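Shared between the two complexes below is subunit A, which pairs with subunit B and subunit C, respectively.
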Partner chain A sequence: MRTGDYKQSYGELVALIDSPPVWLWSAVLLLALIAAPHLLNSYALSFLMIILITVTGALGLNILTGYTGLISLGHVGFLVTGAYAYAVLVSKYHMPPLVGFLGAGVVPALASLIVGAPSLRLKGLYLAITTLAFSFIINTVILEMRWLTNGARGIQVQRPEILSISFDGDAAFTYLCLGIAGLTLFATLNIRRSRVGRAFVAIRDNDTAARVMGINLHAYKLFAFVTSAFITGIAGALYGIYLSFVSVEGFPFLLSIEALAILIVGGLGSALGAVLGTVLIVLLPEATRLVFSLFSAQMDATFTTGAQELKSMLYGLVIILFLRFQPRGLVGAWHDIKRTWVHWPLRY
Partner chain B sequence: MQYLVQLLISGLAIGAIYGLIAMGFAVIYKSTGLVNFAQGEMTMITAYIAWTISTTVSGNVFVVAMGAILAAVLLGLVIERLVMRPMLGEPVFATVMVTIGLAVILRSAINFIWDAYPHGLDIGMGRGIVHLGSIGVRTGQLAVIAALLLLLAAIWAFFRYSKVGVAMRAVAADDRTALLMGISATKVHALAWAASSVIAGIGGVFFALSYDLSPAMFQLGLKAFPATILGGLDAVLGSGLGGLLIGITENLAGGYLGSGMKEVAGFAMIIVVLMVRPFGIFGERDIERV
Partner chain C sequence: MIKHLAAAALLLTTACLAIGPAAAADPGITDTEILIGDVEPLTGPPALLGVAASIGHKIAIAEANAAGGINGRKIKYVLEDDGYVTARTIQGVKKVIDVDKVFAMIGISGSGQSIAVMPVLEKSGIPTVIDVAPVKFLWEPPRKNVFVVGQSYEEGIIHLVNFLADKNPGKKWGLITQDDDYGITVRDGFDSVVKAKKLNVVYSGNYKKGQQDFSSDMLQLKDSGTEVFLAGGIIAENIAMMKELEKLSIKPVTGIFWPGRIEPVLKLMGPAGDGIYAVDYVEPFAGAAGKAFLEKAKPLVSEAELKGINRYTMTGYAAAKVLISAIERCGKQPTWACTIAELEKTKNVETGVMAPISFGPGVRFSNQKLQIMQADTATLSFKPVD
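On to the complex of A and B.
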C-alpha cells in the first residue's frame, strides 16, 4: 500500500491544487471570506482589510526575496511610490480609479528598473544596501517634488468608484481588497508554476548553475524586480486608500522590515507562507493585547501606554525566534505536522 | 569662504561620529562577515546609559566615560552570547535578519525605558565654544575629531602588532585555518562585538555631547552605513575615513543644495560607489559579480 504524497508526472508536480480536500478547504475559506464583511463588526473588519492589503504586498516581496533570493530592504519605497501614483492620478488629476491602480503598478515598476538595473550586479547584502538607500532617496524626492506631491502635507484620497460600483463602505472596500489579494495570490502561484518562476528559483538556489542552463540572470532578476514592484505598488495604493491619506509619514521604514518578517515567519519562498505569515504578524499585537488583558488590569494599562514599543519588541522577538528555531517558517511547521499525521506511528 | 570653512569643520565633526560608528560596523564585518544592522541602536543605548549615569550617579567626566565603556562592553558581550552565537553556521541572510530583529527590539526597548524627549548630556564640557580665527567651534566637536584620529591610530597598531589583533585578522581571513592554528573563533567574535559596541558607543556619547540625545538617534546607524560602504566593509580604518568623507559631503550638499539633499547625499554617494567599486575605496576586492 502506498502512503504519503506521490507525484508521478510533471503535470502533478506543478498542479495548482493537487488533492480534492485542498479544493474543498479553499472553497470553504473563500466562502467564509465572502461572508465575513457581513458578519464581522467594524473593528474586526479593519483587521481583515489590513490582512488582505498586507498579503498583497507580502506576495509582491515574496517574488523578489522568496522566489529569486534577492533581499530588498527598500520595499517600502515601492509601496509609497504606488500610493503616491494613485493619489496623484486620482485625487489630483481626477483620473478614473482603474487608471490610478494601473499607474500605482506601473510607476513603481519603472522606479524598480532605475534602481534594479544598476544594482543587480550586486548580490546579497550589497543589494539590500542599495535598496535601503533607494527607499530613503524616494522619500526625499517625494518631499522635494512639492508641485506634484504636496510635499510634507500629503494628499487626501477618497474610496474609489470603479465601473459605477462604489467601494465607499467598509464591506465594499473589503471586497475590493479581497479581489486584488485573490488575484495576486492566483498570479504569484501561477508565476511559480511557470517557466519564469522556475528560472527565479533556479537563480535563488544556484545562480551559476542557472546561468549554465541558459537562464539570462540579468533579465530574469530585472523581471523579478519589476513584477515585485508592480504588485507592491498596487498594495501601496490600497493602503493609501485605506488610510484615506497618503503622506511620507504613513509609510515608515519599519514596514520594509515588517514585510521581511512576514516572509520569514511564514516561510520564505512560499505563497502560502506569505499568507500565513501575514495573518500571524498582523494579529500578533492584538492577540498579545487580549492575553495581557486577561491577566490583570495593571498589565493592560502598561500595554496601552507602551503599546507601540511592546508591539515592535514583539516583532523583533518573533523574527529572531523563528530564524533560530523554525527557519522554514509556519509552512515548514505545517509540512512537519502533515508528515507526522500521515506517517504516524512511524517516523518516516 | 568662511561659510565653506564652517561647513567643512562641522562636516568633519559629524563625520568623525559617523566614522566611529562605521568602524563599529567594520570591526564586526571583518571578524564575523556580518553587517550588524543594530549598530545604530547599540550606539544609542550607550549614549542613553551615559546620560543616565551623568544624571543619577555623578556628572564627573571619568565616571561617565568608564561607566559608558563598561556598559558598552557588557552590551556587546550579551548580544553576542545570547543572540548571535546560536546563529553560528546559519546562512548570512538569516543572521543579518537576526540583527535587524535585534535592532527593532533595542529601539523599542529604548523608547520603553527612557522617554521620547530630547536630553542634553551635560558633563561640564563639550558645549563651550572655541574661536578658530573668526569661526566658532564647539569643544565637543573638536574632541570627537581628535578621538577618531586617536582611535584610528590605536586600532591600526592593535591589528598590526598585538597578538589578539593578528588573531582577529586570521579569523577574518580564514576561520577554519585559524581554528586549526589554535585560535578560538568564538572568543574572537565576542571580542569583536564588545569592541564594536565600545567604538560605536564612543561615537554615540560624543554625539550626545555636541548635539542632543533623542530616540531618533538610531538613524546615526543608517547615516554611518554609507561611510562603511564607502571605506570598505572590511576596512576598519577605511570606514573611519569614509565617515569623515560622508560627513563633509553631507554638510556641503546641505549647505549649498538644500536641506533635503543633506539627508540623501550619503545614500546617493554609496549607490554610485557600489556601482563603480562595490568593495569600497579601501576594501578588498572579493565581491562576486554577475
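On to the complex of A and C.
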C-alpha cells in the first residue's frame, strides 16, 4: 500500500495547492481571519494588523533573500520609502489612496534599481553592508528633502477611503491589510512556481551554474530587487497608515533585523515560512507574558514594565534555538511532523 | 393607590436614571478602585525620561491613596513599556484601554509616540493628560478628551535666547541642533529671536542623531569666535559638546534646553558645566519647592525610585495631580464626561512643582510659566536666576 504524498507529474509538483485537506484548512483559516475583526478587541486586533502588515513585508524580503539568496540588511529603507511615498501623495498632494499605494510600490522599486545595480557583483556580507548603507542614505535623503517630506517633522496619515469604502475603523483596516497580505502571498507563491521563481532559486543555489544554464544573472537579480522593494513599499504604506504618522523615527533599523529573524525562524525560501515566522515573532512576547502571568502577577508586571528588554532576549533566544536545533525553521519542523505522522511507527 | 404606584414608578425611573450611568459606568472604575493607565519608555536610552515620569505619577497616586483615595476609591496604576517604539506605544495604549480597561490615561511616551496615538485616544474618548512631551500637535487643534501639561519647546527656546541676548548684548552667537523634530523646533524658536533681536550668528551647525564625537563641530565653533552658545543636544550630546569645549579651553556663555536639564548631566559634565543656563517650567530641586517635593516623595517611593527622580518626575506628578483632582470633583460616581468637563474647568490648581495649572473651554494646553536657572557643579544643582 502506498503512503505519503506523491507527485506524479510536473503539473502536480508546481500546483499552488496540492491536496484537498490543504484547500479545506486554507478555507477555514480564511473564514477565521474574516470573522476575527468582529470577535477580537482592539488590542488583539492590533496584533492581527501588525501580523498582516509584517507578513506582507516579510514576503517581499523573502523574494530577495529567501528565493534569490541576496541578503539585505536595508529593507527598512524600502519600507520607509513606501510609507513616505504614500504619505506624500495622499496626505500632501491629496491623491486617491489607490494612487498612493501604487506610488508606495513604484518609488521603492525605482530606488531598488539604484541600490540593486551596483550590488549585482556583490554577494553575502558585501551585499548586506551595501543594502545597510542604502537604508542610512534613504533616511538622510528624507530628512534633507524637507520641501517634500517635512523632514524630521513627519507627515500625518489618515486611514484611507477606497472606492467609497472607508477603512477608518480597525476592523475595516484589518480587512484591507488582509486583502493585501493575501494578494502578496498569492503572488509570491506564483512567482516561486514560475520560470522566474525557478531562476531565482537557481541563482541562490549556485549562480555560476545558473549562468551556465543561460540565466541572465543581472536581469534576474534586478528583478528580484524590484519585486521585493515593490512589495516591501506597499507594506511600508500600510505600516504608515497603521501608525497614522510617518517619520523616519517610526522605522528604526531594527525592523530590518526583525524581518531577517522572521525568515530564519520561519524557514528561508518558503512563503509559508515567512507567514509562520511572522506569527511566531509577533506573538511570542505576548504569548510568553500570558503564560507567565498565569503563575504570578509579579511576572506579569515584569513583562509589562520591562517588556522591550525581555522581548529582545526572547527574540535572541528563539533565533539561537532555531539555528541550533531546527535550521530549516518552522516550515522544516512542520515537514518533519507531517513525515512522522505519515510514516509512524516507522522512522522513515 | 394609583398615587403610590405613580410615586413608586417615578422613584424607580429616577433611580434608574441616577444609577443607570453607574451601572453602564465607564470602564476602570469599581466600588473600591479606579484604574489609571500609562505607556512610557521604561527600557532603552529614553528610559531616563519615562521612568522618571512614571515615578511622578506614582508619587501623586500614593499621596492620594494615603489620603483615602478618590472619594473612597483607591487608585491603581497600570504601566506599560513601549521602549520608545511608536508601533508599541499604539499597542500599549490599546492594551491598557481594552484589556486592563483603565478609567483615564496619563503620561504617554515621547512626542512622536503621543502624536501617533492621538487617533486612538480621540476615538476611545478616554480622559487623558499628557505630560512628557509637550508638542503643539497635541493641543492644536484642541481634542475634547486630551489635555497637555507643560510648555511648548518653541516658547522655551525663545525665553532662553531672549534672556541670554539681553544679558549679553552685541556678542557673537553659535547654535548646534539635532537633525530631528526636536532640533527643528529648537532652531525655529532660535531663528524667531534672531530676527527680532538682530543677533550676530557666527556658527550654525546641525548634527546627526546619535552622534557622539563633536570634536570637529566644536573646533569650528571655536574658530567662529562664538561667545554665546546654544547647545541644542538632549543629554549625551550636550555633555560631549561641553567636554570638547573644555578640551579646547574655551567657555562661551552656554544655554541648554529642559530635556537635558537633569542633575546627572551636571555630574558628567564636571567643571565644564558650571554656570550653564537652562530654561524650564518646573522648579529646580535646589530651590525650596524642589526640596519640599523630594521630602514629600521620600516616604512614598522605594530607594531605587528615589534615585530615578528628575525633572520629568515633577511634570508627571503635576499632571497626575490635575487628573486626580478632576476625578475627585466628579464626586461619588465619576464618569469620563464629568472628568473631561472638570479637567476643562481646571483653574489655578497648585501642584507645588510648577506654576498653577489651568485649562479652559477649548483650551487643552496649560501653557506653564517659564524660568531661567543656572548650573552649580559644586552642589550638582540648577538654581533660579530670574
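Side notes on the structure shown:
Heads up, the rule we're going with is that the second predicted complex is superposed on the first by the 348 of 348 C-alpha atoms of A that agree within 3 Å, B and C clash if a C-alpha of one lies under 4 Å from a C-alpha of the other, contacts with A are read in each partner's own complex, and residues count from 1 in each chain.
Heads up, the rule we're going with is that contacts are C-beta pairs under 8 Å (C-beta built on N, C-alpha and C of every residue); 3 or more make two chains touch, one makes a residue touch a chain.
On a predicted model such as this, the values are computed, not experimentally measured, just so you know.
With both structures placed on the common chain, the touch criterion links A:217 to subunit B but leaves subunit C unconnected. In the superposed model, A:9 lies in contact with neither subunit B nor subunit C.
Comparing subunit B with subunit C, the partner in contact with more residues of subunit A is B. In the superposition on chain A, contact is made by A:245 with subunit C only, not with subunit B. By the document's definition of touching, both partners, subunit B and subunit C, reach A:143.
In the overlay built on the shared chain, the residue A:309 is in contact with subunit B and with subunit C.
In the superposed model, A:260 makes contact with subunit B only, not with subunit C.
Contacts of A:164 after superposition: neither subunit B nor subunit C is touched.
Legend: residue contacts after superposition of the two complexes on their common chain; A:118 is shown touching subunit B, with no touch to subunit C.
When both complexes are aligned on chain A by C-alpha atoms, subunit A residues 143, 306, 308-309, 311 touch subunit B in the first and subunit C in the second.
Remark: subunit B residues 35, 83, 86-87, 90, 92-94, 96-98, 100-109, 111-112, 222, 225-226, 229, 258, 260-261, 263-264, 267-268, 270-271, 274-275, 278, 287-290 touch subunit A in the complex. Put simply, subunit A touches subunit B in their complex at residues 71, 118-126, 128-130, 132-134, 136-137, 140, 143-144, 207, 211, 217-218, 221, 254, 257, 260-261, 264, 306, 308-313, 315-320, 323-324, 327.
Residues of subunit C touching subunit A in their complex: 42-44, 78-83, 85-88, 90-91, 94-95, 97-99, 112, 115-116, 118-119, 179-184.
Looking at the complex, you find that subunit A touches subunit C at residues 41-44, 46-47, 50, 143, 151-154, 156, 239, 242-245, 247, 249-250, 252, 304-309, 311.
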